[in-house]
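Letters are used for the chains, namely A, B, C and D, taken in the order the chains are written, and counting of residues starts over at 1 for each.
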Amino acid sequence: MGLKEIRTAMKVDLNKPAPEQKGLHNRWHPDISPCATIKNGEVVKIECLDWTGGQIKNNDSADDVRNVDLTRAHYLTGPFEVESAQPGDVLLVEIQDVQPFQEQPWGFTGVLDAKNGGGFLDELYPNAAKAIWDFEGIFCSSRHIPHVRFAGLIHPGILGCAPSAEILAEWNKRESELITAYADSGKVVAKPPEPANVHAGSAEGDIKAKVGREGARTIPGRPEHGGNCDIKNLSRGSKVYLPVHVPGANFSVGDLHFSQGDGEISFCGAIEMAGIITVKLSVIKSGMAEMGMKSPIFHPGPVEPQFGPGRYLTFEGFSVDHTGKQHYLDATVAYRETCLRVIEYLRRYGYDDYQIYLLLSCAPVQGHIAGLVDVPNACTTLGVPMDIFGFDIRPEVEAKKMDMGKCAFTSDRMG
Amino acid sequence: MGLKEIRTAMKVDLNKPAPEQKGLHNRWHPDISPCATIKNGEVVKIECLDWTGGQIKNNDSADDVRNVDLTRAHYLTGPFEVESAQPGDVLLVEIQDVQPFQEQPWGFTGVLDAKNGGGFLDELYPNAAKAIWDFEGIFCSSRHIPHVRFAGLIHPGILGCAPSAEILAEWNKRESELITAYADSGKVVAKPPEPANVHAGSAEGDIKAKVGREGARTIPGRPEHGGNCDIKNLSRGSKVYLPVHVPGANFSVGDLHFSQGDGEISFCGAIEMAGIITVKLSVIKSGMAEMGMKSPIFHPGPVEPQFGPGRYLTFEGFSVDHTGKQHYLDATVAYRETCLRVIEYLRRYGYDDYQIYLLLSCAPVQGHIAGLVDVPNACTTLGVPMDIFGFDIRPEVEAKKMDMGKCAFTSDRMG
Amino acid sequence: MGLKEIRTAMKVDLNKPAPEQKGLHNRWHPDISPCATIKNGEVVKIECLDWTGGQIKNNDSADDVRNVDLTRAHYLTGPFEVESAQPGDVLLVEIQDVQPFQEQPWGFTGVLDAKNGGGFLDELYPNAAKAIWDFEGIFCSSRHIPHVRFAGLIHPGILGCAPSAEILAEWNKRESELITAYADSGKVVAKPPEPANVHAGSAEGDIKAKVGREGARTIPGRPEHGGNCDIKNLSRGSKVYLPVHVPGANFSVGDLHFSQGDGEISFCGAIEMAGIITVKLSVIKSGMAEMGMKSPIFHPGPVEPQFGPGRYLTFEGFSVDHTGKQHYLDATVAYRETCLRVIEYLRRYGYDDYQIYLLLSCAPVQGHIAGLVDVPNACTTLGVPMDIFGFDIRPEVEAKKMDMGKCAFTSDRMG
Amino acid sequence: MGLKEIRTAMKVDLNKPAPEQKGLHNRWHPDISPCATIKNGEVVKIECLDWTGGQIKNNDSADDVRNVDLTRAHYLTGPFEVESAQPGDVLLVEIQDVQPFQEQPWGFTGVLDAKNGGGFLDELYPNAAKAIWDFEGIFCSSRHIPHVRFAGLIHPGILGCAPSAEILAEWNKRESELITAYADSGKVVAKPPEPANVHAGSAEGDIKAKVGREGARTIPGRPEHGGNCDIKNLSRGSKVYLPVHVPGANFSVGDLHFSQGDGEISFCGAIEMAGIITVKLSVIKSGMAEMGMKSPIFHPGPVEPQFGPGRYLTFEGFSVDHTGKQHYLDATVAYRETCLRVIEYLRRYGYDDYQIYLLLSCAPVQGHIAGLVDVPNACTTLGVPMDIFGFDIRPEVEAKKMDMGKCAFTSDRMG
């Protein structure tokens, strides 16, 4: 009579290497066997490691960030077989709660080294950096970025169902074409399947090898299933509608974020954490056809940190890059410029550019596409909630430089 | 004692051709003489034509949209000399109110023909189309898109100060380089200076000819001064901080919108209207250096139509285009896909794709940059406020086709 | 084709005495003849005087407030006959817009003299006082209360349909019983019908005399029809559902407010103004029975000044009065105490108590009933939006006394 | 380095009778010894029983509610000595989180029997009733009130510092005067000190007897310290400023609520639960004088379930009671009438009045004081968030009766 204590569908061990945990995997592949089964309509808790599987430590050096092994990245918990789910159905995921582990009340934001992962502004900021965030209930603050404190819009960075073999083949085809097209650029434009450090759950031997050869990396989101969308508003109370491509759905989740800004610009840019997500999973039969659905849809919950429209300071950027070159309706360039405008503004208070880069990545900033049709300029905006600062950042208040300390850098830069 | 009735700094005549009105202009150029002077700190009303200068009529044919003359586009009111403003200052524009004219309580949203202006989705939707919106106080509705009604987030599409000669030269240089680079593409990637139909305010003869040869088109926004940013949140109560590049600032404003969605995707995509804007102009001396400002900054007002975070249905899109091609972190492609996902969803209710294309352009939809760093996919989201519909669009409610009539098409398509 | 300019159903003349204007009245009575007819479903503009009919002037003396003639108070525009409305129907009033007159961009807030009207705190603050507010678009500020500026939540204080003869008789019966019960208290607990200065629209002679003898005063709201509810959230976009008691509904409206705080505590407590309201009137047949309606219901619009939950500083008050006496679950006493707590807090910045009393009456403060069941104490809260102040009022920021000038007092107090 | 796991300052045992737990108490008295010490600036978790100390069970009978022993009510956890706090200081309590116990994911709302506690509407609804609520992450729903689901605005009903001996004497004096004044009314207007079932923490013998004789009941809030304010917005992220009256502050907290409506009208009216509150306690020296503080002040957090202003259906009530009697500016009567208007409206959908009474008590309804000065009528409003219902309650949508089952009644009424 009445709700029982919620079942934990899969636990993780914070003190055991991720590759040794059977409930985890780090590739998308239909042949990875479910680690557990969840009933249609059941509410469960699922434990997750942080996206690096514990590679980053709570200290004041960014050496761990610089050296992070990306082949081991994005360990997901799952896959979970959902009873009665079939291809063409929609899996409704109700995110009822997300929490850090009681015993690990902290997370991290990193700037990856340009030679190992990079980030949205890596041309200008190529070095590794890190900020550790302490959690105080719903709030967080960082010794590496003083005078800032805000409530987390807590959410999972990644959730999705396994691709079918056909979809996986399509992914590999189109992404390898892109890699080929950019072969001469020297840029890492996509990551092909990578056998090194593949973790296929309980699979060993041939299947593990096959997953290594074919399995899609968990880094990007993809239209057919969602995956690593990094949507900051998928927070408590959200409903997410996911396409199902294999029998049982094979649902996985991971990469929990205490908070993130639109764009997650520094790549390791959210406040990354290990924790527990509570979800209710329900199957909507034939939902893909009925909803005309090709990509996930969601319905955010009613609970968000809200600052009021008048509490944002908003910056504008255009598709003219910082060398003065004009691009054609390029929202990506415009958003990069918008980020730079914020850095230029906030550095007046004494923050180092890397501190701001980290902050923009993880604070609940609003990144909007304003105009995309007035040739040749795309215009994007970035709204910074003023209430996250302990001082007044309005333009009409004189900016005073303060001692802002510094974020964690690599040991060679700190010396 | 007390505030007097607010002065109207410049009137327009809705019944007189725009080229005959001295208080208007349709190019950005430092040599266009001010049409009037405004005191530092003064509150004034400024009247504006719609962006086409009255080319579009309140009827049920999109012929006027198909035939719109873009060389005459974006008539701005101004420029206004602001007393004491000097290059390097910042002009603070407080938007106190925006209203349509009492005698013209309607506006329009158009899809331009792909061969004359086009729009964000013109590859798929190449034909001209139109919706007329009736204003009922703060609300609007359209006979061309039934079962939709919403409050306008009213704002100016364009405001900015005149460029200096140096900045203008820079604009022309970088935009012509872009045109050259795309010469073989057949695409209109930017619009060069155009002597035809130039309107330089009161200027005639040599100066008018010079403005025609050199003057920047008013279509795009540009980083150095803002211009046509089409930012839907620059509504009542907003403060905008604009860089000043010439003595007197030479401030202009126009292209009023009753409402707009993020991206203004159909190009003539807001609810375009003629009307009156009330602004307070103040000069912040040396503001550009003090604020570290390269592009405009703004602070939205506290008054916005608000739907609550739980009242949006949100769609996801990725940088894989509709032909299946993979693009590299391209937010523009991702946003186009996101728009298509909404069209696919809403057409289930009986709307024609063009009706949805128009609606997405002008309703207060939220277009966010979600993730921009997970190679190769950018992810964007588009939140549709569910409360603008007279029926329930939640996924869990069965979609029923209704008779939705149609929007205005060109006469050859209507027959 | 398309909406025409909206018809003004009734104009007022700001320069003509209210008693001479046939479209006004200042009593509720079924025998007051309609001044005009409105179609079912029609949108109209209705002009209104301020509630005193122009007795208060834009100057720096509160003599006019002290001497205000309350028998002439609350001139309403109407009544309007609404076609097809019958007793038992519900009149749906959609408030599409409320605006001050262009030529009179100011309003006033007054503290009435305790001997002529009084107010919620008149025991402690018995003197007349006044603040004049200048309107700047959606914002207002006052030379009498410096360092404060906010956006108006503009609304009508009074709207309702005429009572039937039976309902009017019931009003007079129960209110006279109350007057009798308090006869020895010396308090004015209700105002009986008053022939002096009655204004019954176009009626003269016998009917006017009857309205004088029987007509209900327009000062209080009443459950059967609404009337002077002074609900600050009945702003632009609201839908109000009003019971209909006489054929044609006989709808009236007036007492426009640029802004008001919950409770309107100083009685003349909103920012009172003359102006124009745009409404759409629709008849819902047999609505009272179908909605189980005894008193008006409303549905606020989506557009409000919004400060975010974290931008209020909130004060608590209990039903122990300032003499230390314990009252039984008395929310009225609790709210009075809550108001006093705010005055004590804000006077630290240099404001005079009367300035704060005026401010609390008209700024968009939130007055909530927190707890009403924990005998013997009712608890109420009052949330003050911190963003209306030009300085930081958070408790953790040291309070500094500033020169706050003063509000308008009566000439004998100013000397 | 970095935040450690948060210390639990006091645990409770859900399976042990409350009187046997030394960290609890159920009277306010300065002589109750602290159960633990908390450092100035420390963050701690504090576990709490539900307000009845576990008397109410998760079943379908309201017998436990009818028979609840109110002398054992409102067990608080504490008091806690806060280092360095002295009388005249202010204790800043930052509410960082509130959570139910993992193993008890449910709560209850009750209507007390009119003869044992009663409630705001007990004259009309004298019987005991109960609804059990299941928690699903941030949401709750009830088998006893179908078709309703909402996110909790979770908060503590009670928090405060111990009174000094002088303040306690004042409480007892004024409350006993009230009891005397109402002696002939037959009403329980306040609860005097009660030796039966007193629980004074670790105290025994003389001190316990003294606490029994003098200790203030924990039922009402009181202006000098707050106490049982039942303020629904004291949720996660709130800062509460509490007056300190004894050395060490002697802070206590309890009566956790998963959700509550303004007024908590059924008395046992929130969703009552046992759980854990995380707070940070800081001492502001001499804060009472510096802030001009007589009663607690608070600053809500930025995180609340938000429905948008346009998602409330709002009812009006006036100080004319349901017998037709006119009261003088009585907000308590007005709010009771407002509640009745909601019951009349919602019963059209098939809900029993008791179901609505329970729902109004615990759902996040907004109870506002609209007008308190227009003699003789006070006007209050009650806004019901429409999104908590699974069906559309807007007036324009026809109401259909559904099978709503019933709430739990006492066994004699269920038979």
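The rule is simple: contacts are C-beta pairs under 8 Å (C-beta built on N, C-alpha and C of every residue); 3 or more make two chains touch, one makes a residue touch a chain.
Note that the coordinates shown come from a computational prediction; the quantities given were computed from them, not determined experimentally.
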Selected interface, B-D versus A-D, where C-beta contact pairs are more numerous: A-D
Copies chain C and chain D touch via same or different residues, half shared test: same
Taking each chain's C-alpha mean as its centre, the one farthest from chain C: A
Whole-Å separation of chain centres (CA-atom averages), chain C against chain D: 32
Approximate Å spacing (C-alpha centroids) for the pair chain A, chain D: 39
Geometric centre distance via CA averages, chain D-chain B, whole Å: 50
Chain D residues counted as touching two or more neighbouring chains: 237, 301-310, 387
In the complex, chain A residues that touch chain C: 305-311, 387, 392
Residues of chain B touching chain A in the complex: 90, 119-120, 170, 174-175, 177-178, 182, 187-191, 219-223, 226, 228-233, 237, 241, 262-267, 269, 284, 287, 290-304, 306, 308-310, 312-318, 320, 324-332, 335, 337, 341, 344-345, 347-348, 366-381, 383, 394-396, 398-399
Footprint of chain C on chain B - complex, ascending: 1-6, 43, 58-60, 94-97, 102-106, 132, 134-139, 143, 151, 236-237, 278, 280, 301-307, 387
